[in-house]
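This structure is in structure tokens; I'll ask about it shortly.
The letters A, B, C and D name the chains in turn, as written, and every chain counts its residues from 1.
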Amino acid sequence: MSINTWKTDFYRATLDSDLSQQLNNLASALNAWEDKSQHADQKMWRKQLSHLPNINPSVFSLGDIVTIGAEDDLVEGEKLRLRQVLQNYMPWRKGPFRLFGVDINTEWRSDWKWQRVIPHIDKLENRRVLDVGCGSGYHLFRMAQENATQVIGIDPTALFFYQFHCFKRYLPTINVHYLPLGVEDLPATNCFDTVFSMGVLYHRLDPLLFLKQLKQQLVKGGQLVLETLVIDGNQQQVLMPGERYAQMRNVYFIPSCEAMLVWLKKVGFNDPKLVDMNTTTTDEQRTTEWMPNHSLSNFLDPEDKAKTIEGYPSPKRATFVAYK
Amino acid sequence: MSINTWKTDFYRATLDSDLSQQLNNLASALNAWEDKSQHADQKMWRKQLSHLPNINPSVFSLGDIVTIGAEDDLVEGEKLRLRQVLQNYMPWRKGPFRLFGVDINTEWRSDWKWQRVIPHIDKLENRRVLDVGCGSGYHLFRMAQENATQVIGIDPTALFFYQFHCFKRYLPTINVHYLPLGVEDLPATNCFDTVFSMGVLYHRLDPLLFLKQLKQQLVKGGQLVLETLVIDGNQQQVLMPGERYAQMRNVYFIPSCEAMLVWLKKVGFNDPKLVDMNTTTTDEQRTTEWMPNHSLSNFLDPEDKAKTIEGYPSPKRATFVAYK
Amino acid sequence: MSINTWKTDFYRATLDSDLSQQLNNLASALNAWEDKSQHADQKMWRKQLSHLPNINPSVFSLGDIVTIGAEDDLVEGEKLRLRQVLQNYMPWRKGPFRLFGVDINTEWRSDWKWQRVIPHIDKLENRRVLDVGCGSGYHLFRMAQENATQVIGIDPTALFFYQFHCFKRYLPTINVHYLPLGVEDLPATNCFDTVFSMGVLYHRLDPLLFLKQLKQQLVKGGQLVLETLVIDGNQQQVLMPGERYAQMRNVYFIPSCEAMLVWLKKVGFNDPKLVDMNTTTTDEQRTTEWMPNHSLSNFLDPEDKAKTIEGYPSPKRATFVAYK
Amino acid sequence: MSINTWKTDFYRATLDSDLSQQLNNLASALNAWEDKSQHADQKMWRKQLSHLPNINPSVFSLGDIVTIGAEDDLVEGEKLRLRQVLQNYMPWRKGPFRLFGVDINTEWRSDWKWQRVIPHIDKLENRRVLDVGCGSGYHLFRMAQENATQVIGIDPTALFFYQFHCFKRYLPTINVHYLPLGVEDLPATNCFDTVFSMGVLYHRLDPLLFLKQLKQQLVKGGQLVLETLVIDGNQQQVLMPGERYAQMRNVYFIPSCEAMLVWLKKVGFNDPKLVDMNTTTTDEQRTTEWMPNHSLSNFLDPEDKAKTIEGYPSPKRATFVAYK
């Protein structure tokens, strides 16, 4: 697998599934992305990929730390070089990863989130899985570890696409693919057994439309796994922050768990359930060597950690499951 | 003015305004509507228009009762015939109208709503005005009475288009036009001085996107006039009804007034204000001879008129103004 | 009429005709042209138009010399200035024109061609006329002189568009319009009474398709007037020059008159007739002050004027009429 | 290989070639064809395919008679049934074929044409080949026999698509594909080493555009093999028949060989050569049991076999080769 064949690798992997019925639309969307992804950063990111060690990793494991290759696979000097290549893709938000002994300590302990989610969802074995807003793809690899038939992640942020390919090139045989698209760019495929979306809904100004878009990717009976920011309160409690929330500009509806359950039913999901609720700690989301910018601790009220610096409730995240 | 020239009449009226820059998009949208509006009802509605009296009205006035022609304009038998033609366009929701002495007593006393709104908005004189969700067009005629330069109403419901043309054909010289489109079908024209939307927002599953669509029809500095259902409560109070609200299936977000003001700011409107709040009475919305189906009184809890039969707060409507 | 309103002037003029049914397509094509016509020459040409004298011409006549204004309409110095403005639009190929006393002596004596054609065609009075490949629009003005209801010229060459507008701005009331389009950009309007195409067919590599495109602009029963290069010979005689013909690269099929008549029938024209045949002389097409480049005399064999310098028969032009 | 997977089989086969860059366009064109190919004949043709014997052929050979399976592969009664199934796809024009012992004696002895062409063209071994206007696909199988890497035939006639699939289903491993498209539906792929077009050019009203379309399917240096009707004569000799030629309505330009060579150069082909000329005989094209309609002998003048019944020269076909 090379970066040059990521599209055809994806096409080949989908020819036997119902996704192949949407090949024209998918190929058009991917071509459109390539046509417009010509800015300087992307050229650099693409080029840097070719500077990754051109060797076969001796080992890999897709556990809590997604690990590819051993330190000994590299000769003298190559590890420093590898570290430099990977630094071009900073900031690294979702992880952790370890590549030929280089530890990428990401802003998020995404393994903690995964540990909270995995006990509550239907087994992924033999299922086709879509992850909407997949970031670097950390969770895609974890889903593959659970023996999903096929795992497809989508995220329109170009940087994450290249982060993903730092690892994918060493795993040519796993059926995991990253499409640099938003869910609104996907045709209605109605063909995934499980659809994940973690950390996206509150960035959408049209959350019910977003839920509908997720639904039209699921097969009848398929499972949605949705994680988003929530507030405390009853069915009628929904926070719309002013200009910023925890310094982010693009945060819109933050419902209570009760309101979220009503929304899920409203767009036609069956049997929605809250399966986890968790207040994000500054241990789980924090500044690291690989994400040196401000992180959660900078966004909370120094006097009262229960509030953001704008005075809103500090981030609490809930996970829901529901069926189509 | 005849039904056959409604499009070219509109084009001619807009050639001198900035709307003409969108002529290709507008013409495409209107052609698309015509192409798909071939079902049996529409053919009948279109045909019945030709059975309206083919005379020039002796008088007209666009006051509380939009009145065109006098009873004496018709000869013996024509009035009965006229009544029969108009009955083809039932149910009549927004009015009242009087056409050659035939009183169309509509479900809504839309004149009452107008009286509540008009004192609070910028004068319409010499302004270009858009009404999103204009229904039969009752308010369009009232806006024309206020000496707006041009009044354009949009509403995708075909029946309302034909109701409007029952009157428009007698008023060939007024600069009032109805386009059978949704606001999502309009290109961003940025050219109206005032944009109205009354009674639409709660039918949209994406109310913030809707507000953005309204905003992109306004000139910089133009005024939005928005009327929608509200509930009591603070900034974080938003009702999402279950399957139905007052028996309607397509009701989504019902915010508190405070929440609505936050939403308006969030999408970039300036200086949003609540200018009117009003609990809808069964005098204002009720079953009539021209709308014989169930109306508000049937949708309220018989034991407690403060609640809908589903147990939600009964309809309270608020009007907001804001600037782009 | 100003250059800024040429599109809306055209739309207004066509709202009462069947052309209005194609408004969306026409407006899309014209917008597309504007979007791509941003190169430096065009900006200069557009700007220079504003330097033309801003006065009402005292006289105009659309005779052999298309004449607008009198020399005395200008004050001292303005005539020199006018000449300089007009020189920006060189080379001038089709004419002659006289503007406020400035004589534009064009490469072609297009008046001679017009004199040969006009006796043989149906009267243009009260007809809608299209001229495909209209160049500077010289013939458009002559068609207006014949009292055509409406005259529309199309030609994709930007320079000719601006040449046309040097005159059109002084004739705001005549129903003559120039659309910077090729016939392949026009929707099938089926609405012109007469369609002219003079000097285009041999530039098309698909002449039968071209004839079909002309046909679909005509009303049933409308007249085609077609002028093109021909060779001597029978029905099966068609010249395809090699790389160049009379130094022009883009010359394709040159049929005999007999072959041309077969072609016209083949695409469904009725009653095709040859009405004029003429060997182009170096008096009719020649280098002038306003077209200083090489012209016909340079393209003929100096030893044998009956041949081009490539050895093909020298240009002979025939005019055909036919009915849809 | 089943009829249900013909598209994905094609996609899979092209993912490693430059064709994959056009996957979106190809998939869109094929989907468009499927969407519109719902008429009754096609449903029957598709259904009948499933009634072909569901067995693996014991032998196959792609020689002069394209032969698949042996008579003994079938049990009692199956051969009669097979014959009946194949009769649904009449008329059979291009062949001959033999399927499990059933001889399909087609209108044309296409093997004779192949024998005339094959000695004159570059070896097909290891080349990607396109056949424009491939009919039943007889020649596609012959090209595969010559060890072409990949053979793609295109022809928009639906019947031929189903004829082809009567054989293709028994040859799942050969890299031969039929796309039910016209060359004008193909994107410019610039990726075939050899492009054939036999018997198409005279059906096109725009033969030069057709040549350009063929050219843009070839790699630089690739070979065109073009067979078409010709007349005797010099460079300027081109026949355009009137309404019909040999009873066919859709016959346009029939050039002399000399004229054809000029056309090929005109659109930019290098080194064009005439390699074969042949007067079609009534032995090569004739009525058979599998094509019971009138054939060549009915279309010639009974008094003078050198003329068609319309009086034109009777069919003479020439083959040209040229390079891009």
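Everything below uses one rule, namely that contacts are C-beta pairs under 8 Å (C-beta built on N, C-alpha and C of every residue); 3 or more make two chains touch, one makes a residue touch a chain.
Chain identities (UniProt): A, B, C, D = tRNA U34 carboxymethyltransferase.
Quick caveat, the model's predicted, so the values are computed rather than measured.
Number of steps on the shortest path from chain A to chain C, with steps defined by chain touch: 2. Although chain A and chain D carry the same sequence, what matters here is overlap: shared residue numbers make up over half of all numbers found at their interface. Averaged C-alpha coordinates put the centre of chain C at 43 Å from the centre of chain D.
Here the CA centre of chain B is 61 Å from the CA centre of chain D. The centroid of the Cα atoms in chain B and the matching centroid in chain C are 50 Å apart. Interface of chain D with chain A (complex): residues 7-8, 11-12, 15-16, 20, 23-24, 27-28, 30-31.
By the touch criterion given at the top, residues 205-206, 208-209, 212, 231, 233, 235-240, 242, 252, 259, 262-263, 265-267 of chain A touch chain B in their complex.
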